[in-house]
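Once you've had a glance at the structure underneath, I'll fire off some questions.
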C-alpha cells in the first residue's frame, strides 16, 4: 500500500429518505464505471423542500479509488 | 427563476432518533409560518448525552425560501 | 453550571449501518471509562468501500464531559 | 456609532447578467422592508447552467442594518 | 428538550470598552423583542480606530432561542 | 429529481475582462464535452498582473452535471 | 527546545464574568493534574443566556504542555 | 523562477461600480510604489449601503510581487 | 469614501491582563508609525502559561488604514 | 495565457519516505495519461502508522492542467 | 474493522531538520505509551527562527489509535 | 516577553528540491532586511510542473518578528 496512487472524484447522491441512502446511491452509481473504490468522505449535506416537507436529500461525497499502474 | 430573491434562516432541530428526523422537525416547524421554502443546508450536527447514552440529536440547518415581490 | 470545566476528547466510531450507529458506538464505548459526558459534536463523516459497496461508516466525534473538582 | 446594535440577514439575489446585479437585486428587494441598511458581505457565488450556458447567477449576501433603540 | 426547535439570529453589538460589553449590549437589546433566548456564539471580533486609538469594539454574535410550538 | 446522481468537476477559466467572463469561458469550454450541466460554484478568484496592471482574471469553478443512468 | 514533544488537550472553561476568567479557570483546573503547560489557544467563545441576560461564558481552549522523556 | 522569493501584501480597493474596478483600483494604487507585482488573490468582497442602495464595493485582495535579490 | 484604498497589516499584541489590552497595545504601537488607521479585526487569540498560570495573552490583529493618494 | 482553461484533478500520492516523494509519485503517475500539467496544490498530509512507526505518507494534491481547445 | 473505535490525540513534534523528522519524533514518542496507533494527520506546520535562520520545525499532528474493547 | 509587539509578514519561498528548502530560502531572504524574526507558520504549499515533473515548490509562510519600541 505504501506506493499506491489514488484519485478522488466528487459526486452528489440523492435520496428521498436520508443521508445514508443518498451516499449509497452515489457509491453504487460510481461502481458501474469505477473500479477499486476504497473510501468516501461526506463533504456537504443539503436537500430540497417541496410544500413544506423534505422532498429529497442531496449529499456531496468525495470517493477515492486506486489508480492502476 | 432568474430574478428570484431568497432569504435564508438558521434553525436547530432536535430528535431523540437521528439527524434526518431532527432536520425534518426543523423544516416542519418552519412550515407553520414560512411559505415557499425551497432548500436546506446542514451546517452543524451535535447532540446531548445523558447517563452515557445519546439523549437527543441537535442539527443546525439553514433554510432558503423565496421572497415574494 | 457557571463554574464547570469540561474536557473534550475526539473519537472515531464505526458502523456498517450508518452515521447514528457509528456515533452511538463511540459514545457507548467511551461510557465504559468516562463519566459525566454531556454532549457530542460530529466533526467528520467518511467510510470504507469494498467491492463497490459501502462496507462501514466512520464518524469522528468530539465528546465533552464535566471534569470533577 | 459606538453603541449601535446591528442585525445581519442572509439573502440570495439572482441575475442573468452577473454578480453585481445579483447583489443589487438582493439589496434593493430588502430595501422595501428593511430600513437603515449599512453594509453587505458576499458569502457565496454560484449559478445555474441551462443548455451549456450560464442561465443566471445566484449570490448569497449577508446584509447588516442598524436596529433602532 | 429533545423536541425543541431553536432559531439563530446574527447581531453585532458595539462597546467602547471591550468584547464582553459588546456582547452584553447585543443580548440585552435582543431581549426587548426576543423571548426564550438560550445561548450565544461569538462569530467575529473587530472594531474601529480613531486618532490612533480603539474607539469601539464590534462583536458579531449568533443568538439561539426556543421557538414556541 | 429525487434519484439523480451528479458529478462535480473543477475548472479554472480565464479572461482579461473580469470574473463573469472567466466563468463563462470555463462553462462554455466544458459544454464541448460535458452534457447535462446544471450548476456552478465559484471557489476562488485570482489573476495575473503584468506591468502594474491586471492582465487577466482566473476563476476556479466547480461545475455539477447529471450522470446518466 | 528543538527536540521537545508537546501534547495538546481541549478544555472548556466557564465564568459568569467574561472570557479571560473562563480561560483562567480552565488553565488553573488543568494545573491540578497537568505539569509543564506552555501555551493555550482560544478555539471557540460562546455562552448561556438566562432571562434575557448572559448567565455565563464558555470558552474552548486548547492547552499545550511538554511531554517528558 | 525556481529560486524567486515573493512577498504578499493585503489591500482593500473600493469602487462604486463593482468588484473588477475595486480590484483594479487597488492594483493600480499599489503600482505607484510596488514593482514586479505578479498576481492577486481576492480574499473578501463586501460593500456599503446608503439609502437602500449599494454605495460602493470594497474588495480585499492579496497582491504578490517578486522580491529583488 | 467610495474611492479609498486601504492596506491591512498583521500585528500580535501582548498583555498580562487580557485580550482588550493586548489589542490596545498593538494598535497604540502601530500608531507611532502608521497614520489613518480605521479598523482592526481579531484573527487569533492565544497566550503563554508559566507555572500553571496564564503569564500573558497574545492576540493577532489585522489593522486597516487608508493609503494616501 | 489570458484565455486558457485549466482542469484540476485530485490525487493522493504515497511514499514511505516523505511528503515530497509522495507528491512526486502522484505527479509522475498522472503524467502517464495527462498532458500539459502546470501546477499542484497540497491539500492534505497524512499517513499510516505500523508497529509504532510511520509506514508511509499519504499526500492529497490537486493538479492543474491546460485543456486544449 | 467495521466495529472499531479509535481515539485521536494531538501532539506537536519538533526537529531541527524538517517536517518528516518532527512528525517521526512525535509518533515515536507516542509509541512509548500508546499502542495500536493506525494513522496520523498533519494539522499545522510552523517553526522557530533564531539569528535569521530556522532553528527548529514544530509540526502539530493528530494520531489515531484503536481503543481496545 | 509579556509586552512585546510582533508583526507578521507573508512571503512565498521557492525551491526545486522541497518544502523545507523553500521555507529556508524565504526566511534567509527576509533576514537581509528584517531583524528579530521569531517564528514562521506554513500557510500554503504548492508548486509548478514542467514536462510532467515537479519543477519547483512554492511555500507561503507567515514570518513573525519583534517590533522594537
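Letters A, B, C, D, E, F, G, H, I, J, K and L mark the chains as written, and numbering starts fresh at 1 in each.
Quick note on the criterion: a contact is a pair of C-beta atoms (placed from the backbone, for glycine too) under 8 Å apart; a residue touches a chain by one contact, two chains touch by 3 or more.
Remember, predicted model here, so these are calculated numbers, not experimental data.
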item	value
Both-way neighbours, i.e. chains that touch chain K and touch chain G	C
Same-residue or different-residue interface between chain D and chain F, half as cut-off	different
Chain centre separation in whole Å, for chain E relative to chain C (CA means)	30
For chain C paired with chain L, centre-to-centre distance based on mean C-alpha positions, whole Å	38
Chain centre separation in whole Å, for chain L relative to chain K (CA means)	22
Residue numbers of chain G (touch at least two other chains)	9-10, 19, 48
Interchain contacts (touch definition) - all pairs	A-B, A-C, A-F, A-J, B-C, B-D, B-E, C-G, C-K, D-E, D-F, D-H, E-G, E-I, F-H, F-J, G-I, G-K, H-I, H-L, I-L, J-K, J-L, K-L
Sites on chain K touched by chain G in the complex	9-16, 25-26, 29, 48, 55-56, 60
Contact set on chain B toward chain C in their complex	17-19, 44-49, 52-54, 57
Touching residues on chain B, where the partner in the complex is chain D	1-10, 62, 64, 67
Chain L residues touching chain K - in the complex, by the definition given at the top	19-20, 23-24, 27-28, 30-31, 37-42, 63
